[in-house]
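Same chain, two partners: chain A is paired with chain B first, then with chain C.
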Partner chain A sequence: MVIEDEILPFFQWLPTGLLHWLLIAGSLAVAALLIGWLIAALRHGPGAAVRMVSKTLSEAWADVIHMSGRRIWALAWLAVKESIRRWVVVVFGVFIVILLFAGFFLDPASTYPARLYLSFVLTSTMYLILLLALFLSTLSLPADIKSKTLHTVVTKPVRASEIVLGRMIGFALVGTGLLACMGVLSYIFVLRGLSHTHEISPGELQRLQASWEQQLAGGKSAPPVEIETETAHGHRHTFRADAIRRDGDRRELIPRGRVRTDVARGHWHEFSYTVPDGALRSDDPLALQYTMGPPEDRFVARVPIYGKLRFKDSSGEPVEAGVNVGSEWAYRSFIQGGTLAAAIWTFEGITPQRFPEDRFPEGLPVELTIEVFRTYKGDTSGEDIPPIHGSLIVRNPASGEQVEVRIFPAREFATDTQIIPRKLTRASDGRTFGLFEDFVHDGKLEVWVRCIEPAQYFGMAQADMYLRARDGWFAWNFVKGYLGIWLQMLLMIAFGVMFSTFLSGPVAILATLGALIGGMASRFMISLATGELPGGGPVEAFYRLLTQENLVSDLPEGFRSELMRMFDTVLQGYLRGMAEILPAFERFDYSTWVAYGFNISGDLLATRILTMLGFVLPVFLAGYFFLKLREVAR
Partner chain B sequence: MNPRDRSFYRKIAYLVAMALLLGVMFFFSRPATQDARGVKGSPGGLLAQMRAEHGLSQAQLGEIDPTSETIRLATLGMRGVAANLLWGRANEFKMKKDWTNLSATLNQLVKLQPNFIAVWRFQAWNLSYNVSVEFDDYRDRYHWVTRGIDFLMDGTEWNDRQPRLWWDIGWFIAQKIGRADEHRQYRRLFREDDEFHGRQALFHPPGRYPVLDDRDNWLVGKKWFLDTINLVDNHGASLGGLSPLLFRSDPPMTQINYSDAIQKEGVFGERALRAWNVAGKEWRDYGLHDIPTTFDTIIQLELLERDQETVDKLVAELDELTAGIREEIYQERYKALRPIEREAFETPIADRTDREHQLAADAREKLQISHKEVAARVPRPNREKAVKLAERVTELEERIGHIDRYRQIVNYAYWRLRCQVEQTPDAVDAREFTYRAEQALAAGNLPAAVDHYSEGFGKWRQVLDAHPGLLEDQTTVEDLMETIGSYRKLLDQLDQPLPDDFVLNDVISLHDKQQQMSFGPYDEP
Partner chain C sequence: MPPSEVVVETRNLTKVYRDFWGRRKVEALKALDLEIRRGEIFGLLGPNGSGKTTTMKLLLGLLFPTAGQALLFGRDATEVTKNERIGYLPEESYLYRFLNAEETLDFYGRLFNMPRTIRRQRVNELIELMGLGKARRRQLKEYSKGMVRRIGLAQALINDPELILLDEPTSGLDPIGTRQIKDLIIKLRDSGKTIILCSHLLADVQDVCDRIGILYQGELKELGRVDTLLTVREVTEIRASGLSEAAKEEIKQVIGRHQGQLVSMGNPTTTLEELFLGIIRHSEAHPGRRVRGVLPGQPNGDGAGKT
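Up next, the complex of A and B:
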């Protein structure tokens, strides 16, 4: 799975994140106070303005501190009832229709159908829930104000803060309920949509029985025949089933057994057979009873231990990154084959306790994804084209002792599992090493990957190799994926309610939509603001668009270019600021994690929950002030 | 009038206006009707008639996909925006090598733009040519090549009168699979691909286009090319940007490529001979087909020789009537040349300077005498006959010129000769010996390889002596040079030089000459 931004452990992230938040929230608060004071000063003079600002602040303090849970709940319940009347049923209906028609888009025969199905349900749920949150949160207060319902509410002893918070909680409750229903339906949809089994043709069953008969009769000791299943969901599986127990020259049929098929499209099945009365009859294929189980290992939640990646160049010197082979997307760095170039991961916290022998008897499971770049195709004249081979090496980071674990063929765009055995023997001198005793130092272990074929390249990124410590529970991971959507929904509701306190319904929708789109495009906005993107700032880019100028050539020097640059500097500052203020919605999107079968870590979840609160709190306060300042609430 | 009445009357006015507009709309766009027996009734409104005339109605483009229609309506006029977003996503997924999502996005995209042929063509090309090469394992590469072809097949369902899509399928199946570096593996995988052939069979029921091998990529590609021709010839589909000359050459060329491919894979005897025989017949049929030219004439490639014979006969007749006149005109013109031109013209080509080359070319042009000019000087009463003959000859020569140009584009004469030659016993033996030599070489049996090569080259000598025209095309020379190259390497292993009296020395010299000609004076050969 691609991880473009490094995920820090929660407590490592917390101080920096908190400081960042304090700085931005503090600056915004100071700016808001100054603006408030300025407006009041213009109307009533500077002294009175100070008094008014401090009065508003003290009232706000009281309004927030003395909020009543009972009143908030009453208001929240009101919002729930109103929402159920309005939009919820429609959105749920649309969701069901989408699921009904999803079969037209989703191809269970694709290379990784689970990824496709999971991405689809998570993404469509996200868009629908955000849409619902948008309409619910923005239209409610303006409608109440227009219909004067709010006037009745404010005559009651309720605080503006309670109205805002009550709305937010009410809409959040409705959204949560709907999201839960969607989650359950999606889960069933994915499980059912991908559930299948495979038949075995009578011919194949006959072949299997004939091979067993031959072996029972004392025929040649050949490996069991490879049986191929029928096609289902656009793929087949193969497996070899050996049903003969050998004891010296004696051979005996095992009447019941089960074997795994090979892995295809990211899953396998269990083939179990029964030979009734223990008698084989290859002339009657139905004599062999079999069942083919459901897909296994399709839905997983790997818990990976990531390492730090560094590179060595072709002469063995450390470099920041490998070679760029000309890909537009520079996520992966490449190492040259047949040289000293290597990609080196340093893993931390590798202890025998974390990888106990009873759970990992063979050794450390390493999962690796490699991109191959061939400068020539190799020998294409034979029946097969040989793959490019790499070498997996473990090294002690302190002593420098190293041993080659194995030579492996690279499998591109597929996760390849390698096991680092607990006991390793060095081919050059025959010495035997213990993995934890000789290669792990202070919990650290280095794993090196080299491409061994000259003039061919391996491409790798940090997240391309990890140790698979254990697997989480997929259903819980699925829930965490929905939790990401839930966090986005809360943000959307907070912004919607805040905007609806001082804007009319349609304008509040536009403003909230703007916050959503801005938030989703925050990465783009930052790269535009920092000049990372070719083509200059917004004005220059617009000029290039109009004049059909390409993005890379310099504009002619002169007044016009200078003027554009000046405007761009201002706009870039504004963009930078907006990118900081608006929540980056894409960071809350865990669909890739769920779809690619990676556990959403507690660190990631905690970070995002705190980030969400970091946004919701100031947005709630802003909403409160806006409502407070409106005539209707006084 | 009080405000309430005003509002009421305004609403009535709106309703009346709406009814009128609906009436006008109905008048222009009411559909054509036909009764239950299919007998046509009303031709429909003006818009409906125009749609039918230009083949624009949805039902005329291909099947109607309810999902696609629903999605298009559901975008509420924002289809363009949605399509743009999806194109952006598809490009990003491609850049980030997320193939699963790329495929899913393409499926969504075509639901939005099912009749936009460029989407199907561009993205199918993307899958078969650009995505497939990203994979290291040739099996994965093959999988993505066929994904692209599948995508095109989907496209034909919604656009069953778009010959370009059908032609693309033929091209992908024939050329992408048959010409890739991995063609040996691709052809094998294609043959074993039950799923693909299962789907393919839905388009080509047995017996529709009988071919020698229903699982060979060249011949399956040929079926799709034949479909394309059928669409154009029998269903009024437009060729679009396809050149009729090339478009009609595809089915016989795939038959030729099939024959060539099976021989390279070691298939000889009756099967190979039959394949070449069919190829020869189809190539000749192609040569007899009317091909419209850009000169607004219709030609048949096969008829060049016949026209040339006619011209020779007519010119001989004309020469009888114009005895001495051509020479007389020539002398007059020669005398009329400027001295400097005459001098340049008389200078041997090798000794001419650049300026003299130019002057000599000018002189040559001035000395050109047309048949009509000669005929015009014939004394009466034969002048009229001579002029008619000259006109006919000029017309035929022009036609021959067009045929010749068009023949060169598809290398017509070479492939015709090749189809004949490959059916001769000597050519079959030559190919078989060469194949055996390669097999022996791969098995490490060097002495046997030398023997087979020697026998093969001997046979090749006989073939080339009998058909010297084969060497006029680079294809045979390149083919033979590849074999000679392997032979040379083999001799190197045995520490033996290539014999001075090697039977195909002329091929080597010709190849060297062609190499020299293809490099400029400053290029390193």
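Up next, the complex of A and C:
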């Protein structure tokens, strides 16, 4: 899973975030005041304009501080009644239909069925809810203005602030209720859709019993046979069940036992057996009674401990980033194989208390995702292209002592789990080290990854390696995924209501959609505005498109290029501004986190909730001013 | 507030509608100066496009004046707090049709920040007053036009307002309903309320209004007490009673000598409709002039007669 922005602890993010917000909100407020004064000055003269602006501001203050909870609740209740009558039932019906027919296009036999199911329910819920929020928030107020029902409302002692806030709260309540229902149904749908068990064929049972009989009879000591289950949901599991207790030469059958199967399609089952009379007859498969449990660990919420990533180049010198291998995605940086180049993660807070031996008896679990860039395919005689190998090394950041943990094949397009053992032996001198005693210094541990095959490359980003200290509660993580949708819905409602205070219904829909699309493209807009993207600004890029100029070569100097740069400077400023005032909706989308099994941290959630409020507050104020300053009866 | 205190006042109130580019499209109201005092029923009359709806909207703060000022209870009409003391019945009862009568009145009661118990009591009173007891749980979309009108009037009275603005209050009502509403309006006036009435039904206005203002093309053409405006001053109407048979005979003979029949003596009145149409005709013939005595026998009138 890709995490392009570092997730800072909430209180570390707060001062910077707050300052940034104050700057943007303050600039917008000053701009709005100037525009208001300018319009009033054109109609009534500069002096009168100052009086009008100050009067509007003082009234606004009164309208905000004198808001009545009873009136807001009445307006919210009205919005709820209206919404239930208009849209909610339709959207909920569509969702039910989608779930009913989802079995046609969701394959539980896919490689990652949980990921598929979770992505599906979260994404479909998100789109339906956003669609509902869009229509509810944008059409209601214009419809009231058109039907003049708003005339009866505004001739009561209702403030414009209460109308805007009441609508926002009402639609939010409707959306929240619907989202909760959809969430519960989705959870049940995913659990039921992926629920299965496996049978074991009589032949396999006989083979298992025969193996136990042989061992009981004192046959040669062999590992338990590997048993394969029947196919269900497009996959099988294997397991080895050892039911013989050995005490010297004495062997005894354990009449009841449980054993885990291997992990397939991201889950395992528990095989439980009972031998009723304590005896086995290999010719009777019914002598062994068994149950195969439900799938376990299908849904996880890993809590990763991320480290800081740095790179070394092919000569072993520190560099800011790895090699650029061409048109590959810049998210990952590459290291050259067969050289001293390495990707180095430094983890902090690594203590034996955090990784107690009873919970982590084998060692530290490390999960790693590697992108491989091949300059040649290698041996292609077999069915599969052979993997590229890498080396995993741990190093003490203070003493420089290091040991190679293992050589591993890189699993492309998948997350690989490695264990760093508690006791490590260095192959070169046979010396044995304790992980915490010899490699952890002041809670810090370095983990190095190298590509050991010459002329091949490993691509890695900071979030590609993490230590998995514990797992969160999946159901709560699922709820947090829905909280992300909820935050997006609130933003959509706020923008929709704000636009509907001064635009007609269809135009408000378009404007809100524009805000949504603009917000989703805000990252791109910032890249374009800051000149990070090759090819210049929008005008220059358009010129290159028309003239088929490549993106990296400089344009010939002259009046034309100067003119284009001038326009681009203005446009880039505008883009930068737009990117700052539009919410980046994709940052509130946690469907990937839930589907890929990552815990959504409290820091991330708190940051996003505050960000949402940071957008909703000025949008509410903008909606208030638009409604207050418009003539409702025109 | 003393009874003579001005409740509504407009000073040079002007409204110009402009197009998208800010160009003048139409001057809907021209320098209206008006005072309405506490405890009177004031009728606002005028043909379509005369500016009476614009006046109402300006008084309610639904529109902003281009020039001049509208004051209600001494406060600017755009101030939201003035709405606490007013009730408004719009022309078409713009209500939420998916609510029932109880919900509708409860909703508007909440907008006045009324506590629950008072709200309930007031809702019950008004539903009974309007005769909607049997339909209190039915959605308004199932109501007849007359029933919607009644619930519209009920919402205008939910806060027991001091000033009530009624736009076509009897529209859609049957004769009995019309009579009831007119009686209610008079009853409200008698209890000290001030009422501004806007109606095309001139007979209704004549029945209930104390004073009227007649607008034409955005200008106030006539303003005064209804009985004064409708009086034909130079016509004498004699009404007599208690006369002896001989006296009656003598009067009859006098009238008979003049080929007439005596019914009464004094100043007879014409109808409001006559006055209204006379003003419109005069205004079309003499644009820009204040109308004076358009009826025969009135000061500055074109004709005079005696009976």
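The rule we apply is simple: the second predicted complex is superposed on the first by the 513 of 634 C-alpha atoms of A that agree within 3 Å, B and C clash if a C-alpha of one lies under 4 Å from a C-alpha of the other, contacts with A are read in each partner's own complex, and residues count from 1 in each chain.
Heads up, the rule we're going with is that a contact is a pair of C-beta atoms (placed from the backbone, for glycine too) under 8 Å apart; a residue touches a chain by one contact, two chains touch by 3 or more.
All values reported here derive from a predicted model rather than from experimental measurement.
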Touched partner set for A:Ala584, first chain B, second chain C, both or neither | neither
Considering only the touch criterion stated at the top, classify A:Val158 as touching first (chain B), second (chain C), both, or neither.
-> second
Could you tell me if A:Ile509 is touching chain B, chain C, both of them or neither one (first, second, both, neither)?
-> neither
Figure out whether A:Phe413 sits in contact with chain B (first) or chain C (second), or with both, or with neither.
-> first
In the complex with chain A, residue positions of chain B that touch it = 67, 70, 95-101, 103-104, 107-108, 111, 134-138, 140, 143, 181-182, 184-185, 188, 194-195
Interface residues, chain A side, partner chain B - complex | 2, 101, 104-107, 110-112, 115-116, 119-120, 231, 234, 328-329, 331, 371-372, 374, 377, 380-381, 383-385, 387-388, 410-413
Note which residues of chain A are touching chain C in the complex, please.
-> 43, 63, 68, 70-71, 73-75, 77-78, 81-82, 85, 147-159, 631-634
Touching chain A in the complex, chain C uses residues 17, 22, 57, 60-64, 80-81, 83-84, 86, 88, 90, 92, 94-96, 98-99, 103, 107-108, 110-113, 155, 159
